[in-house]
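Okay, got some structures for you below.
There are two complexes below, and they share chain A, which is joined by chain B in the first and by chain C in the second.
What follows is the complex of A and B.
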């Protein structure tokens, strides 16, 4: 592995640049907005500890890195290991990772590679024993060999490129079963009905808490802001799952009492935004923050760093190992709206339903420059939304802060147009 | 009102079904002892060969008898009797639609009991491949056609009279259901003629397949049931309906996972709101296992009886997590 204790002597510079990036953002998230929920304190502190002070990621047993939402975390927990999502949102690591990928590639993949390559990276995952790399988009698929070259053990979790057919489903179920075998090899433990059931119950509880939070965002005017929601789901990448769930349950309780008090976290007229596309990952919360600093409020999202990661729940008919594992496999494949699959009608339908359910005024579509699949789906999504009369702003961006000024102008103009529309409707 | 609705939508469907199925099983298999008689047009396998205990008679038995009348009688005044019988059958059917299969049919209930025995033993289920499914699903229509054509052939003196009621001969219900009232006499081969020998031997074979098949495959027999085929042909105007709101569906496939009949359309179809397929037994497990509010629902005469909710899903799956551990 790359980071060895001998590196500990010289992390100061790297860490400080990383830390500054995180610190600036956390300050904006906390200080630029009044009325942050009390329960968000837990998450602000968590990010400060992990990103600014370099506190190691807490884990029980073997630490297993995942590079995508397709890696079934319940299996990892069942083997007594702890998953940590490695997808990285730091511009600093994006620049380091640029050595591995062509110039016009996805900043998320570059930053992930960069953080794995960096010495004393944050979040601090020094004891990583395995990386599960689902073969999703081309760039992530090709990253496998590069991570291996850095000295990591990598498991390619083979994902089919289509998800409609029964063949794809069975292929993926087999793929998930062989992942379970790999974990058994790694941990020396056995997968049993009881430990899988217990692991699934933990995730199910986290998902139930997420769903409650998600539903609370239907409230109009908004009870809290989208930047906080993204921070909460981002924390799920590396936080202890039970602590995370408790913190979210507390947040839910606070939001419920806000609801009964008639509290407003945003103006009544604030345009309600549905966020979709490439995932905002801390510290790259650039776009959601710009939206909310300009007076909009992100009320729902369709991204793999939030909704897509936690929304869909596993169903089991017979609580036997085979049905549980296959059920997990199905949950990670069938409802997924990732643009890497052949068709995107599920994503279109999901966006329309979210727009209707959350009383959305407009959609912001973020595409990372180099994230081809989102760029390619832009047109079809734009058409479907236009047909329903839902305005959309398409933003191509990356992790660099250079385009902030330009973006904030565009976003302000978009929000202004939404406000005018709303006024004219009334 | 909302509280009642929440309670219904949060129901533990597994338990609810178990008790309701048990109730109907007792009614139809032992009801005769309590002088229950629901007539001879029941759209479910309330076996007529269970002389002592039956609470009503499966319509397929009188239907085959009637169709085997000589053609002169059948196409004369007696034809009206057949039509009348069919109407009674249809009226019964319209009430519950295929709910007769998932909640009332004693043979279906027996299969569910066998399934729960299997899970208690910790043995996994088997499934068909998609190709097998597409072919096998046609067999029930073939059986339905034969069940009508053979008696007609007998009536026209084209086929030997001892073919009698051909479907009953091979139906596992004829051998199994009377056993519940202590009557094992059906469990034999009738050597009186060559035809009866063949038909009853076939019946014995099917019964063996039924017991073995149901152990490994959920609702093994329902897949081939000609009654199910007949139901489907009449299902359009039925009062109990299964509906899907495709816009709310995420196609997560949870419903398909739990479907005993392996019906893929339940998960994949998002355009047609009338989602019930020919193999459906209306057990409503799909509704109970759908996490999307209002995506699936059961309605009766347009009134929603039971619909999918997030809370209901979470509650039911949680029950799974907390299930008592079965001994290994």
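What follows is the complex of A and C.
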């Protein structure tokens, strides 16, 4: 890592490039669609402030960066620190990060490294005192040393490659406990039952708000669009958790009144899409937006930037602190449907369940070029869905905008075929 | 008499088709897309009408398709070229006893489409975001070999030896490979056959992704190339059904759809 792209890492340049990317996307999200919920204003403004104007991320105490949903955020909150998720969706940082990774690697990992390398990156996290990097896929695992070489303190949170066995469970519980020790060292605080309980209550309230939002999307015709839902969950990456929860509760209230009024955010016959695979991360909401611009509506997702991140909750039913930490660790291992796990039948089951619960017409599977685990699970998911007669569109893409024309043709053709199927069924 | 039109604005050519009230094909017209495709599309459309003595007012509904579909505001509606291609091929394929698989090679992309028993699209695949194995690849090769695009078919059958292996399907890298083969003294015939087999193998891989069932309909400009057709049949191990005008199937499909859209309203 001797050569540093000094020009590309210049602060003003980064801000302007990143801001333009964010602004173009936000304009599309706001202006190209009528009937955006008023409560979305909070989120549109939040993204404009943070991504276009470089407003620093709000936080209390030590700021701990996370690179994956496997980092137990309740622990971080319990130590009086604030987690911020660093997974990045910017094409600009993807290009900067290309210097650190092999040519055919995941844009998400490249963009995250690129933003960490860049001076004055957006979102502006100011000073990160620690990055916790769960050892998930090979690319993220190898990123630890690179982040360290950039001058960050990195904690490898060791994750087992399987999740069903008792060995894996014990391994992971020990791993989470040693993360707690690292946080104690970092913050100089002690983990107490009360602190952890309060932290769990805080995330539980946020997750409850998310679950309500999630359930409201079962409504047919749809009450609001998936592009807004992804924006909401993406805000969770960096927003103050309590402010975020209030904003989501307001959105839920507005959607409930939309429900009573019989409001429709999409056409009655708009194909209902379940989104799965590599996560849409702001500003790379390319695929969900193309789906909705073409007249579809994303009603549910199975991705780690939304549903997988927020759906599963912890409950406090243990009396001893050690047991609580173990219980917390279980929640981060057992229900997770990430394709890094050797066996991942849970993902198939969850997709089928979501497809049934949300009255889904078709599935769109996004695989980032270079994200091998999602590319490898394509076949098994395709088979399971085909056996149930659920059509799926598999899209291999990355952060670059140059395949938009080709993608929109494929998406439109997919939606047209879903509409024909729907007509024939009736 | 009322008429219905389909306009397919592709990357290389603009294709227009008109059908009458009974859905019968009246005529088609092809023109290069050029740089001002909107003007060219209008001119092609108007020339087609003039050719058949149809007044503009008699055309009740226009459906646009192809890459330029969204920008052609004169159209009443637009449809993706995959759906339009399927409709056109199903209609045209009746004469051959029905089709279940479509292979389309266009100027900048190639597609494989699977059709169910009801004539609806059940699956499809498209090449990734480069011109490998598309019409553009043939263009580049013909230019390197200094022969006309139309002559490729004749050259294919002219060689005495086995077709050469062309490893690169990338239009840019194939250029240097072709130049290298010429420098080694290989005949143009063997190289042309090699190019056709290289495209055919790539296309068959794409088609296998959606599943291949008889009959297989092959359209798009390159379907006029007899050498490519032979190579594709060889690699597929099946006979291909090729329409009289393989370039206009998609425009025809859009016109057929325009008619049913108008009648539904």
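Methods note: the second predicted complex is superposed on the first by the 413 of 426 C-alpha atoms of A that agree within 3 Å, B and C clash if a C-alpha of one lies under 4 Å from a C-alpha of the other, contacts with A are read in each partner's own complex, and residues count from 1 in each chain.
The rule we apply is simple: a contact is a pair of C-beta atoms (placed from the backbone, for glycine too) under 8 Å apart; a residue touches a chain by one contact, two chains touch by 3 or more.
These figures come from a predicted structure and were not determined experimentally.
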item: Broader residue contact with chain A after superposition on the shared chain, chain B or chain C; value: B
item: A:424 touches, of chain B and chain C: first, second, both or neither?; value: second
item: Which superposed partner A:327 touches (first chain B, second chain C, both, neither); value: first
item: Which of chain B and chain C A:319 touches, first, second, both or neither; value: first
item: Which of chain B and chain C A:416 touches, first, second, both or neither; value: second
item: Partner chain(s) touched by A:110 [first = chain B, second = chain C, both, neither]; value: neither
item: First (chain B), second (chain C), both or neither touched by A:402; value: second
item: In the complex with chain B, residue positions of chain A that touch it; value: 164, 166, 169, 193-194, 197, 200-201, 204, 208, 211, 215, 312-323, 326-327, 330-331, 334-335, 346, 349-350, 352-353, 356
item: Residue ranges of chain B in contact with chain A within the complex; value: 119, 122-125, 129-130, 246-255, 257-258, 264, 267-268, 270, 285, 289, 291, 310, 313-314, 317-318, 320-321, 323, 325
item: Touch list for chain A against partner chain C, complex; value: 391, 396, 402-403, 405-406, 409-410, 412-413, 416-417, 420-421, 424
item: Chain A-touching residues of chain C, taken from the complex the two chains share; value: 67, 79-83, 109, 118, 120-124, 126, 128-129
